[in-house]
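Pasting the structures here.
Each of the next two complexes has subunit A plus one more chain, namely subunit B in the first and subunit C in the second.
Right after this comes the complex of A and B.
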């Protein structure tokens, strides 16, 4: 086994030439890279990608929820599409597009930097009233395609904004979405970010979020993973000023052979910061769920309060779950806790619902939604919480139909 | 025809025979009490009628309006009109009482060919029923039974019963864990549901509950059999003399 997967044929000269840019010379991480041990990219590395210049998308798929009063920024294959967007962002936020600087970072970030058309940059200067809904649509033409959305959010001191991201795609040839989001939360600022990944069942999605939270700043995020052949949502957060606070939560629901990976790194650099994570997953079929959560507490980060929990519910005996919590604590006056559990639906719960006349399938759905609720209910925006709740409900219906087929 | 008829019912749990030939007829409008010491099969009887997994019926029949109850799945039995008020209602985190009640109510309405209840109508109904049972309306926003006191759980069971309006209600040790005040409220809730076309099977260890829910018939269950039947005065006799003579007779 090689430490990295050679992908030059996937993203090399020919690909770069068609885009008219310098080629990426990197490799995808291989199975010997510890952080990628549970999420092998062999199947991805075999695909030869081409830019999707032979396809067009003229409407946002109807599966994308409409958030009342929200601004919409739509990306198709990573490129901003003005005519599909409603870029009236309201007060407190400006947006611009810019060249993506080729910066250091993981190979996926470098790949994104090499081929991202332009970055979508949000500059938050005050308390934004409107929710900003970013919609990324993947659509392959005759050949598999890759997309490299790049989003940059900078919230100035004291500013506040709520972002929603919907990552979806069109059925057809497979596509690979490789989004990178860089988020800077200024002093005393608040960024709320709700990400839904519901890609086409054949799609790959490997997302990296890099977040920095300054002193007194608040970052609240929820990540939902519902679809795709292989999805990874990697979130790396640094709490870089005192009294910064992070709530990072997520849920996933997998069926078929779907693979979903949450990888989080919570880096407590400064004292008196708090972070909490609640991740919940439901797995069915032959699916595979991964949660890797690292909490790093630097020597100076006294009075840190860092918590993390991952729980998974098996709907059948076929799926696999890998859970790897890692605590690296170098300060001595801290509170850190992690918990992990897996289980099945309690037959006593099922009987209770059935004894009230509820059919087994809706009873199971009610229990699954109940299981995910303590992660979902962490979202402080009620409107978005309801929308994500509906998406989970739809997944459950889809699953129920599938299991009867 | 009897509303609920149990004919020579034998059932075992994990290979051990618990019910050994129970025969019982509930006419519409009647309240039957089943009394007996612990471990004689009272809860097994209620679980077998409601359709819980793990109980094997080896012989006999249970008929609701002449229909074979034992051939139905648990949820079908409930929709057909059998309601079990649990001795120990389970706590279900994350599922709000309101979502649960609505799903259950709609399952019943679908069975009856009615459309789903609309949100306003549902809230009005819950408001009326919770008020009637002296429950705070806000409890429907809480997760089902989670953190409820013993009394609240039993009240929640009666709330469900009043909303689902069953044909036959089985109360499994509803008095356990209740103080006198809660017992009165729960009993009043049950009594308000008494009607000429509904029957109750009240399972209890103590006579106390039957001061509030006055039965038409009392049966003594011992060693998996009904060993004596009588009117409400039988409960008083049991209270005074205990179960010893029935246990010895049946053994």
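Right after this comes the complex of A and C.
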């Protein structure tokens, strides 16, 4: 069966001409491509996107949380904006901008490489003192706009850094954010990365993260998905040295007709590595949640310990959940497990809270927060954990207001 | 424990594929290749009515349009099959037998080696065997007794003549001719298989059983089985398979359709032990099977149990469509792959009715250079209120050259449904082996014991006779995999 491709899209000659670069000759993945079966890109392909015009953005939206003591790097439509940033990164981290090297990879990575402005590169040489907060703002203005942010993080051996990413948008025409992050965790290094995607309700967000973790390195990530018309957070991690450890977690909360897709690939290449994944989601309205996670254990990766859980909670009649947790194992001395479950709020739990005088709506919010907490509590940075918790709380309030209207 | 000892004994006794022999019987063959003439030939041979031929031709013409659509998504690697290089019809020479005495003695000899005492069947408690030798059913026993009760248990070719209204109504109603590449091929060229109809309210008093056996060189086997359980009835059906040793890959593409009406229950058990190829992966059966059951009626139940130890390639997903409210689907599977075998097997549970329940227990064991994949789908439709699914997939790896894979799809459209999926992968613990061997077991006996324990949940669901056979098979299949 031939994998179908979407050849009709707006990222060809005309788009390249506006930027004055060589055109991207690729195609978008179609619904017959197995990895995209749950996330169709037809609606995206129908919109005529153009490169960003100079949109006047003079401040970071107030919805973006302020992280105390953190350095701020702000991207508007994928390009670094010095005047909005506070690039005093403190000791241990250097920041530069560089050309994006065209690399092989998925079509979205190639699309990003073709049209990305200069990439934002962080070079971590020691234990960074400050949290680095990267804020990507999509601002379309009067016409549908596409943006291709590119972030590169290299942590040298023994270095440590905490990154926070906020992806937000300004009201206006629809936009399509196609960020790519390449992260290299050196030997014995630690990278913590907390990503929040809360795009405008009409926006598209298809992110790819490529992570390599060397021997003894630790990568801890949390991805939150709250908004956008169609969002996909794809994370591909390779554990390339012995005793590397990865904790990849995430949560999504969807309402309206939002579509959110978590796609993860955990590639255990070397022996004695550990990975764990906890993903939780709540769906309301007519939204669509997707989780597909693949754990691959290579022939040589003996003594691997790989775990993965996805649980989803329905808040109403109408949403759908698609889940595909996949194990592909070629080594025998391994411990691998995955679990998946879906359901609705247990009426007994509601009864328990209501019997104690709590109104249904706060009771439900309490249970949802508790449900998501399993994933959120995996974050080891307490400050960021609280900030993400507040964001989820805000979503729940928004939902409650919506349901009363 | 007694059975385990037996297993251990069997492991010792059998050093090569036990059923590797060829019975020398002349067969009545259609020429090699596939075209409309061959289909007309098959249809004419079976003296089929016009509508049956039309059905076959419709399927064949559709199959021609599928040339690019041979499923490639499974984790299976095999050379491209040349469908023109196969025989599509072969029947034992003597047909229309008046009694068992007329059965070719050589054929009976074959069954003897397989442990099917056809002549002693009347003494064999409660099992009626409809033996399929290659493509034509040559002997049907206990038929009269069943007939008196209103049970129809006959070759499907006979049912086409005797009960055309039932065949017309149900054939292709669960697996339509356009379903998939292999099922379409089967619809065009199927030669024979079993037809079962259980009348309203009857609990079929004996287990119905068919032994399939591939014998003729280069003969694709295309069985077609259709089982209908009318309101309130119950039937347990056994299917067991063995095949002689051959060096060329043999193609097998069967279709099984089950229909359970209101309050009916069908239990379908399979032990599949076809020739898996030699240790280097030469030869072996290619097994592409479409099995599907429809729980049409309320409170109906379909239960699939399979023990898959044979075949070079297994492509098989026995499924349940849970249409009736409160209907139940269950799938219990043990798949063992050794040497160069590859299995991609699992199930689909499609929940459409309210209160439908399904349970999936899958045990995959991989040894040698084999790959074993569980691939399954649980889909909860928007109207399937209070639907419930529980899935457990466990894989066991023996040795560091094999692979075990799990690819479940869970698609939920209903908030009141509950789905659960769990999967684990592990190996036989050194301490477990040590414990057994310290008590005087050889390593292979220990492995057989541990693996039988790992599969217990599934083997328990098999009818008694099958359970014993299956336990032996588990041991035999893993022979030579350790050390």
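Convention: the second predicted complex is superposed on the first by the 395 of 405 C-alpha atoms of A that agree within 3 Å, B and C clash if a C-alpha of one lies under 4 Å from a C-alpha of the other, contacts with A are read in each partner's own complex, and residues count from 1 in each chain.
What we mean here is this: a residue touches a chain if its C-beta (ideal position, glycine included) is under 8 Å from a C-beta of that chain, and two chains touch if they have at least 3 such contacts.
Note that this is a predicted model, so its numbers are computed, not measured.
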Report task. Consider subunit A as the common anchor and indicate whether subunit B and subunit C clash or fit when overlaid. Result -> fit
Report task. Report for A:316: first if it touches subunit B alone, second if subunit C alone, otherwise both or neither. Result -> second
Requested in this report: Look at the residues of subunit A and decide whether subunit B or subunit C touches more of them.
Outcome: C
Query - subunit B versus subunit C as contact partner of A:299, first or second or both or neither - result: second
Report task. In the overlay, answer first, second, both or neither for which of subunit B and subunit C A:20 touches. Result -> neither
Query raised in the report: How many degrees apart are subunit B and subunit C as seen from subunit A, counting from C-alpha centres and rounding to the nearest 10?
Result: 80
Query raised in the report: Touch check for A:324: first (subunit B), second (subunit C), both, or neither?
Result: second
Requested in this report: State whether A:341 touches subunit B only (first), subunit C only (second), both chains, or neither.
Outcome: second
**Report entry** Distance of closest approach, subunit C and subunit B, by C-alpha atoms in Å
**Finding:** 17
Query raised in the report: Can you pull the subunit A residues that subunit B and subunit C both touch?
Result: none
Query raised in the report: Which of the residues in subunit A come into contact with subunit B in the complex?
Result: 346-349, 351-360, 362-363, 366-367, 369-374
Query raised in the report: Which positions of subunit C touch subunit A when the two form their complex?
Result: 68-69, 71-73, 382, 395, 397-427
Query raised in the report: Which of the residues in subunit B come into contact with subunit A in the complex?
Result: 50-53, 73-75, 77-79, 83-84, 86, 89-90, 92-95, 99-100, 103-104, 107-108, 111, 143, 160, 164
Report summary line: Per the touch rule above, subunit A residues touching subunit C in the complex are 1-2, 34, 299, 302, 312, 314-317, 319-344
